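Quick heads-up: structures coming right below.
Each of the two complexes below includes chain A, the first together with chain B, the second together with chain C.
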Partner chain A sequence: MERTRRIVPMARKDELVIQEVSGETLVYDLKSHEAHCLNQTAALVWKHCDGRLTVAQVMERLERELKSPVSQEVVWLALDQLEKSDLLEKGARPLAGYAPVSRRALIRSLGIATAVAVPLVTSIVAPTAAQTGSKCGGVGASCGGMNPECCKGLVCDGSCFDPAG
Partner chain B sequence: MAESGSLLSQGRLMARLLADAWRAGEEAPALLCDQRELDLIAPLLIETGAAALAWWRVRHCARLSSSPAAAQLRDAYRLQTLRAAIHRRNIARVFRQLRAAGVEPVLVKGWAIARHYPEQGLRPYGDIDLCVRPQQYAAARAAIESAPEELAGCEVDLHEGFSKFGGLSVDELYARSRIVPVENEDIRVPGPEDHFSVLCFHLLREGAWRPLWLCDIAVALEARPAGFDWELCLGRERRRRQSDWVACAIALAHQLVGARLDQVPAAASDRRLPAWVVPSVLREWTARTMYARHLTPMEAAFSRPLSTLKGLRYHWPSPIEATVGMKGRFNNLPRWPFQIGTCLTRAAAFLAHLSRPFTGGGPVRQSFLQARRR
Partner chain C sequence: MDKIDRLGWAGGMSLTAYGVRVGVRVNDAAMLDAIRSYLPVGWKPSPVSVVERLYSLIHGGAGERPGVRRFNLLYGDIVRLARTTDLEEMLEMFESDLQLHVAEAARRRVFIHAGVVGWKGRAILIPGRSLSGKTTLVAALVRLGATYYSDEYAVMDKSGRVHPFPKPLQIREGASTKQTKHSVEEFGGRVGHRPLPVGLIISSRYRSGARWRPRPLSTGQGMLELLANTVSARRNPRAALSALQQAASGAQTLKGERGEAANAAHAILKRLEE
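What follows is the complex of A and B.
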């Protein structure tokens, strides 16, 4: 506990594009070209990671802003996800190991009613037609005969292939 | 025939979903679409760049907004919101670079129209379309090519004048252009009348294959400023045929995506489209031949002869692009003469391209600078 008290997480600021829309914070990493979506709780934790506040102090700020009690585990879970998404500065002390709870376990321990406050950092992946349950064949899929037709832009030659590729 | 009917019905579904999509929730009429229909057209919405706009439309509809297909549309909206921010930075960087070289560009399409949407993430962003005066084209190209680090990540499509966009007079277009601040840089965009004409011409020249472009026209139409000069947009300086094209584009935007025609003069709002036009557009949205054509360009005939040969069918022009390509009128006459004429013209241009002596080198950083002489 003494060790964790000294941890002062710091949000990464460089090479990030940040946009806030509809209660979400969207972050694009210009270094890795990955996009992330932070829900309100995760975004608040991230906002308070200024390299000066301890985890306990971040928790206090969170309680003030959300106007409800917040478990320290919530902050740890947010930090864990933020670190995994490379949204925290890499300090001398990695955070790994300090957040033993999973999101699912946290929801269970806090109860369903508070699940909205559980921090969440998700990766945003560019959607493709294939992901939306399209019935057409993607690259490499068998085509012709009884097989589904290739998706638009792909050519059937026994299997679907991208003529541009 | 059954396939054609299916394509048309999917196209109609897309039109129904995208109608009024750019308006705030309370202004848009109730959404007449169910889960099965959304699943059916979601891949098309994603492929044609209309996913974010579709999300904007379905987000208030409880029975649709929590579906997996809607989640995909939402991710597209999130990504585009981020890309819009990056795109704005890139535009400012390119303008700074070109101005340092003494070149004054005009931004067309892309962000120039996205700025009129309620949120800039509703529209996808590709390259940065810039028009420059013909006499500044070489300097502009050199300025961009000489700054690979400063402009890393900027995809610039440089155009010599405005011939690609309906042949507007360069001097007059510059005189009517406007300045809009973006990321601490003053960005030059065409005046509203000119830009509207550019959007209409581009839509038809490309066979209207992206539904988003019709939404662009609807948004531009509804966001036009007080004092919008319809005479300038439709007549005074345009040839009669091009004025008719603008009227056709307006009629399409009204019929398919619900563009409002309040205060639009009869010359533009009363245009009746020939029966073949709307089915042609709906078929393009779903058959996606234009998209497939981009995947099998004729330029690749020698490096990938087999796939080019297989892709030849995608090069048959749509009735709309053939009409514009042959500078025809939108009337009830058959379109096949225009389509054959367009094919012959393209074949001649391709052969002329082949007969040019090879000078070696090729375009530098083709993916970085898509400079084209027109």
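What follows is the complex of A and C.
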């Protein structure tokens, strides 16, 4: 509890595009081109990470807004996911050394009925235009991994090139 | 001036599609007619000479010696995109790259790589990459009476409504990557004309023998499914997210593996009627 009093997490706000939708929050990271969907609980925790409120105070706010008791583990799990998604300010990272319970373990301990209130951050990497295309990559196009295969006659070496020069 | 600009060009044209200006030049004037069927839906000739992207098509034709063919070459600006003796292959590459460029650079529309059909005034979106089986599912839905909008792109306006992009369906033969074009009329279908609000987003992948038992996703997760297939996601994420929010807010999103397209298609249409 002592530790909880000292920690004041702060949400990152720079280079993000934020869109709220039906209680969830969509965040697009202009630096990494990752997009994150924060469910209601994760979004509320993130909203209260203002660099002034302690984890205990965030928990109180959450209880007030959700109108139900909230376990401290819920806040820690949200902070852990937000940190992994690079949505907390680096200077204010409080979580090193803290091992939050997993989402699955939390659902098990709180009961399935509370699963909706368990924080969840779902992430994707936004595709490049070429990655969304259904055809092959031309000379210079990225290939391998999620990228399309090179067109006939071209060879993949990170990007497609023409072995004939 | 780049080397390619010094080559002799026999003809050229400017066009606009979805507000994007594109130029095409050819070394064989007869090719200007041939490329028309490879241009994007809704293209218009344009009088402007300043374009955002210039395609150069070099028709190899017959070589000087009997039995020798020269390569057909395709350039996008100064980058070589194709070098092939198969003219059809080069034209398909031209079509694909041009469509992708227009999809990424379009100013008032957001392009999502997806199949789209209309059903009872709502659009069903099937976002997915190559080989995810979206064209097969689109064809199955059309056979059941859905209106055809696209098997390639969901073209969305800022209010989240989906506009038709009715290219012929491109169906792969077996496991080949080669596609053949089929008109929607071959499936007994018809093309939709008016923009539709999105009713259902289907995120599915074909797996032989799988039963269609999808799980519902939240609105935000539905937006992520669409964003993962949005061509301009990186170029203009603000506009993309705004349009996707409008689209997903009034829609259900279902995710799961599917087996045969015909079985899943029945269940999908039924879902939209509930």
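Here, the second predicted complex is superposed on the first by the 117 of 165 C-alpha atoms of A that agree within 3 Å, B and C clash if a C-alpha of one lies under 4 Å from a C-alpha of the other, contacts with A are read in each partner's own complex, and residues count from 1 in each chain.
To be clear about the criterion, a residue touches a chain if its C-beta (ideal position, glycine included) is under 8 Å from a C-beta of that chain, and two chains touch if they have at least 3 such contacts.
Given the structure is predicted, the values throughout are model-derived calculations rather than measurements.
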Chain B versus chain C as contact partner of A:T25, first or second or both or neither: second
Which partner reaches more residues of chain A (counting touched residues only), chain B or chain C: C
Touched partner set for A:N39, first chain B, second chain C, both or neither: second
Common interface residues of chain A - those touching chain B in one complex and chain C in the other: 17, 19, 21, 24, 26, 28, 30, 35, 37, 124, 126-134, 136, 151-153, 162, 164
Of all residues in chain B, those that touch chain A in their complex: 39, 42-44, 46-47, 51, 68-69, 72-73, 75-76, 78-79, 81-86, 89, 119, 121, 287-288, 291-292, 295-296, 300, 304, 307-308, 310-311
Chain A-facing residues of chain C, complex: 74, 76, 79-84, 89, 92-93, 96-97, 99-101, 103-104, 113, 129-130, 152, 177, 218-221, 223-224, 227-235, 237-238, 241-242, 245, 248-249
Residue numbers on chain A that touch chain B, as the complex places them: 17, 19, 21, 24, 26-28, 30, 35, 37, 124-134, 136, 151-153, 155, 162-164
For the chain A and chain C complex, residues of the former touching the latter: 17, 19, 21-22, 24-26, 28, 30, 33, 35, 37-39, 122, 124, 126-136, 138-140, 148-149, 151-153, 162, 164
